[in-house]
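Below, each structure is written out as structure tokens.
Here subunit A shows up in two complexes: once beside subunit B, once beside subunit C.
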Partner chain A sequence: MKNVILLTIDTLRKDVLGCYGGESFTPFIDSIQDNCIRFNKAYSPGPYTQAAFPGILTSSYYLEYGRQKMLSERRVLISEVVKKGGIATAGFHSNPYISTYFGWNRGWDVFYDSMEEEVNDKVPYIKADVLNKKVHDWLKSCQDKPFFLWVHYMDVHEPYVPEWKYIEIVDPSIQIDEEEMFRLFRDVVLKRDVSDKEVVELLKKLYCAHVREIDDGVKEFFGILEKDNLLKESVIIITSDHGDEFGEHGGLSHDGKMYSELVNVPLFIYEPSREKTEVCDILVSGLDVPPTIVYLFGLDSVDAFEGHPLIPLEDYPTRGAFGEAVDKHGSREKGEEKEVHYYLEGDLKIIYCETDDSWELYDLKADPKEVNNIIEISSVAETMKQKVRRRVRRYQA
Partner chain B sequence: MAIDKEISEKRKRQCAKLVDISKDIVRQAFDRFKPEELGTTWTGGKDSTLTLWVTRHVCQEKGIPLPKAMIIGEGDEFEEIEEFVEKIKKEWDVSLEICRNDDVLKAANHTLNAPVKVKDLNERNRAELKRIGFDGEGFPFEAESQVGNHLMKTVVFNEFLERNNIKGIIQGLRWDEHPARFNDEYFEHKEMAHLVPEHTRIRPILHFTEKDLWDTYAAFNIPYCVLYEQGYRSLGAKTTTLKDSDIPAWEQDLENTEERGGRRQDKEKAMERMRKLGYM
Partner chain C sequence: MSRVVVLGLDGFSPELAEIWSEDLPNLKKLQQQGIWGTMESTVPPTGPQTWTCAQSSRNPGIFGFWDFSYRDDFSYGEPRSANCTVRDKRVDCLHKILPILGQKVAIINVPLTWPPPRIPGGYSISSFMTPSLDKGFTWPESLKDEVYHLAGEYIIDAKEEGVNYRQMEKERVLKRIYDMESQRFTLLKHFISNKQCDYIFTVITGCDRIPHLFYHYFDEQHRRYDPDSRYKNALHDYYIWIDKQIGEVWDSLDGETVLFVHSAHGVQRLNGLINLNEWLIQEGYMVLNEYPSKPAPLVELSVDWSKTKAWATGHIGQVYLNVKGREPQGIVDPDDYDSFMDELADKLIQIPDEWGDSLKTQIFKRKEIHSGPFAQYGPDLFILFDECRWNISEMAGYGQGSIYSFDTPSGPDDGADGLYGYFCIAGPGVPASGEHNGAMLLDVAPTVLDVMDLEIPQEMEGKSVLGEKKPARPSEDDEKMRSRLKALGY
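Here is the complex of A and B:
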């Protein structure tokens, strides 16, 4: 394939996309499904950006090299691989965890992380329309040569202060001003206070307004590609690094929890030549993104990558998916934060929380909301536990 | 002092071409603005000094003095930079204004790391803090911290423009200093905004890479601050600029290592964003 584009959307839940069966806040993304392979069981290897992106861009696990804040020199970035293959590479985003300072700029011809810009408190990132303009300028400079472009949008991320026109689309009865929305962020979201159900519902609506907003951003992005005659020559992988919680498991936002609302993410592969949606139920992981890009460019496979190319679908192996993170909010002890892990195989998902040495096991088919912990009664509990035990503290820093 | 480096005739010609492009930008600036409407920023560092050198050549062509130069006094300068600036100011006859945010310096008792209370600042400074969305009660006096940086540099810059009626300000920015810069243009017009006068930013040396810059210094014997000989690649405030190496800047691996890797401000910026996104 000539060009490959990776479009990642921070904090985007799967269930707010119409094409995944949710109430649709994404008319544009829904409209391109005929050109897409859509994965129902795509899992992020981490429930927050820092934990997920080593998978998405280096096909390796978050805690694989200890808990360094900087990107380990031993990880191989997909940008480096593609660049060595003689293809132009560019990345555009505004997330501090994957910025130049932490070493994520390796291998990109152009890497815009926005850290030099000033942002205001209510919208502390660069919005999609501004990012799209910068991307458009770069695309103009590509001059017909093949490229790998990565764009990461932050517009769905808290503090949840969306523009009025999007709040109106979600629920025109909402009466709230920017100051109040920001106050809710500070007093409710940051404190993870789910005591008032109506407030939590309101927060989710504000979140959905942002989702509607980013759908417009994606639409604009596709418009740019079409205008420059690039859409028909590009495969576009669209996914998110993690979701967001709205009280499903007693909390808000995203930190160290491993439930579906956080780790079961949207994933599509948009192919210009495809005419009908292919829905795929194979269990796949964010780690599979870099090998897929390697495959699309026809490059040699990379030993360091732990994932597997998503296509051809028939070649994808049946295997489980792992995820890991540091328990940021749950840790009560001073000093070192503890680890959290999950392992998913078939319909069974086990979660281990080192903070209180607790295990949870869920049958996602019978109990998709993960409320019925069957760790004590399941016959496969021990086998599942063993798979996870091996991974806890495997890297002695 | 001279850079101990061999520059081939071919390379000299290449550098001369880059200098010509820069001179042309400066000439265009003089076409667009009257000499008294122009100003230049200067830090004593390698980029702004090269820019000043180019501007001086064009001024000599025209038989006019250099435009007014401003240097920001952060209160945390390297003595070596101060000495270098004094020397060049005399040699090149630079009309130099040292601009300081005296109000902030006073509130910090001229002491590094001292806490500054917002209520002790004047109206202008308080308005600026509001403009960037800072609502804290105070901040530490460190020029490399974002809030301090804004007041010590940005406010002072805007006041300089206003005070001298500057319409065009010449700056020493380069594209390869930071990946975010790739879109920057030689002439960038800034609309009037609250606390910001309308002005055009002029960047004659955008197209110079770090290597081009040092080769040009060597080829044309342009003076530079001795700190670069000691291993510094990028010079900011004294206490927060780190030295990555002990060998002269031009001998380091310029293409494969970060020019600004030693600036703590990068870490502060990332952490400030994390805080705003709800992470701390």
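Here is the complex of A and C:
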């Protein structure tokens, strides 16, 4: 039986990856595609970490079990399931929202969330190189095979203060120092100020430099596995919790919006025995990650999981994808827990925002940028609304 | 740091909860996930002071209420009615403490909250002592529109215009109690979902009213036991209904909120009343100028105070001594105060029940249980007959030497408040440590503060039921978390 490794990259947009048609900022990830199933229509169940990770690690939706910062005891973590199956589990990351503090350490034999480390304002997390070292140390000490390893990189997340060499790769004409990058984060990103298009474009480039940086981090990680003769023994699931916005829908960063730049995420399953890319156009969800891991380890399926195993692909059912979040700006929630929902079926995506009780419907095939709202003219608007309506405030009185 | 929802179940009984535990799955689940047990009430275990003790963690001597009426001079009788305005001047309850600490607070139907407390940044809906809805029952005032919108015609109390709930037709009062408590739960769930409060406290009065009305249909040992009644299961069904409501409240909470269910006292069969002033007259401790032709309350009795050494008030058993230099016509010499009290206590303990059996009478001297600036005005003795299964009547005129009666002045009553209530607390940060012995009503406020990671004021007299069990989360961690998230732009 193979090891299963879940590699998640915070804030990674799908469309910046070369293999998804973006510019070539991800040479390494692009280079391993022959060994991958690549999902074109993978959707995160939420547009920010707190809304997405209940899907990725517990196969449940954010607003279920009462909305919470603290992970509900009633959710089942994939780590708990795997550990119960007698398999070693380890998690390494640096995202506070999924740390021990909020209860995400359940079920991991080894859990590193970096909260003990000192970080600085420009890079307020532990970067991939340090994380890789810790993972390497654990791999060397881990006698149990197979194992389940989860690594989550933060390196793409704002503040966009990438190393100089990566900025040069993205655009050598950029002249900017660290202080100025940090000022842009404070004065532009935090304020969601998209009034200056050139600045937004610059921010996007800095973001892409972050992406180029993490591609090196992933490369280093694969190098470690190769060196330790583990790469051939492992199935690696690579995905992201959400994307990032650069003015596409009037904002920056990742708040409670449900457009593609935030919820259409990259997803690959790297299988060492595979020799040719399999491109998958089936609609799948972040909630499918835990059941896939359960399947790969040959464990009994878990009733509480709401997703479906991605493998074998031919057994995957045709179904819609849901996502839900609370409308917010940064950490501040708008109004009193106003919900935002989306539902995607075929090429149609409906979005409901409770804050202004508004509905949007997009035909992603004809309108991939989601700018032509056809809610008033579509004949299926009402059917689509019905799908979402029953989910709004469903966990409340 | 967790938020807290406190659900006050007025007279919810630990004994009944145990007898019917298989029918109360939600409570069982909560118990399995948290800490639970019996909770000792105050003496006397009745009246508005119990909720004040819970919410302030101060004994009644601090604020001077020991029943619905009180005195704050040395007059004969208890001329004043316990009220919110005086209470809030004398003692700080959580609804006053928490907003100062930056917490958002809502209180719904908490006894002794009329006029509705003006909670800064918070909400209050006053309780059954509200004279009428027109006189205002919400803070802010505009909250009333929300109440009407959610609840329709809002029911403040089970009683109806001019009719005590004991005298209402059973079917009618039962339906009204369910309607009333459904409204409270609707409001509570609305507040949980929409108001983002750090602390919500709701009191459900039906847990007290229903047993007072329906205990004799269920308890075979009750004097008026009625085995064939259609109300045989009324009390049982109500407990099941309450359990369902608890389940719904629990399910509506987010993972950051702790649920704390507790009663202010227990409930049990009421066997009867000891006519305590009648007994004092019989024993020569109270002298009347004229014996009344029909039972009359203390205030209507013509007492010869110059010859009276003691008198009783209230319905549990409060006895005052007529002390020289203290009461206007006091005759008990202060030097004899203790010896006279002992003499009286010795005789009180010997009062048997109507069949001549011992009442296992407990006598508490005020100075042993109450302390504080207003303790001095309180009764000198508190007497619990048969753990309160016998209450007292302060009326005299039943006939000389007739010391037992069976109907309260406001009608037949089935239930008596008991000294032991129930509690259960569960949620994030509360360990599943199971049954906990020795909890007191005074522990409620410190427990709430503890759960919220707030400092427990030194003057509080109880202690957190979480005690050492609470997993430590140093505030350094909170600080670190805040700064990390802020740096990420959150």
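Heads up, the rule we're going with is that the second predicted complex is superposed on the first by the 388 of 397 C-alpha atoms of A that agree within 3 Å, B and C clash if a C-alpha of one lies under 4 Å from a C-alpha of the other, contacts with A are read in each partner's own complex, and residues count from 1 in each chain.
Please note the rule applied: contacts are C-beta pairs under 8 Å (C-beta built on N, C-alpha and C of every residue); 3 or more make two chains touch, one makes a residue touch a chain.
Note that this is a predicted model, so its numbers are computed, not measured.
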For the three-chain model obtained by superposing on subunit A, do subunit B and subunit C clash or fit? clash
Can A:Pro124 be said to touch subunit B (first), subunit C (second), both, or neither? both
Would you check which partner chain A:Val189 touches, where first means subunit B only, second means subunit C only, and both and neither mean what they say? both
What is the contact status of A:Met70 with respect to subunit B (first) and subunit C (second): first, second, both, or neither? second
Counting only touches as set out at the top, which of subunit B and subunit C does A:Glu158 meet: first, second, both, neither? both
A:Tyr101 in the overlay: touching subunit B, subunit C, both, or neither? Say first, second, both or neither. both
Touching A:Asp113, do we find subunit B (first), subunit C (second), both, or neither? first
If you stack the two complexes on chain A, which partner ends up touching A:Asp137: first (subunit B), second (subunit C), both, or neither? first
Considering only touches as defined above, state whether A:Glu337 meets subunit B (first), subunit C (second), both or neither. second
Intersection of subunit A residues contacting subunit B with those contacting subunit C? 96-97, 99, 101, 115, 119, 121, 124-125, 157-159, 185, 189-190, 253
Within their complex, state which residues of subunit C touch subunit A. 2, 33, 186, 189-190, 192-196, 248, 251-257, 428, 473, 477, 480-481, 484-485, 487-490
Show which residues of subunit A lie in contact with subunit B when the two form their complex. 94-97, 99-102, 105, 108, 110-121, 124-125, 134, 137-138, 154, 157-159, 185, 189-190, 253
Mind pulling up the subunit A residues that touch subunit C in the complex? 65-73, 96-97, 99, 101, 103, 115, 119, 121, 124-125, 157-159, 185, 189-190, 253, 330-331, 336-337, 393, 395-397
Residue ranges of subunit B in contact with subunit A within the complex: 132-133, 135, 150, 178-180, 182-183, 258, 266-267, 269-271, 273-274, 276-278
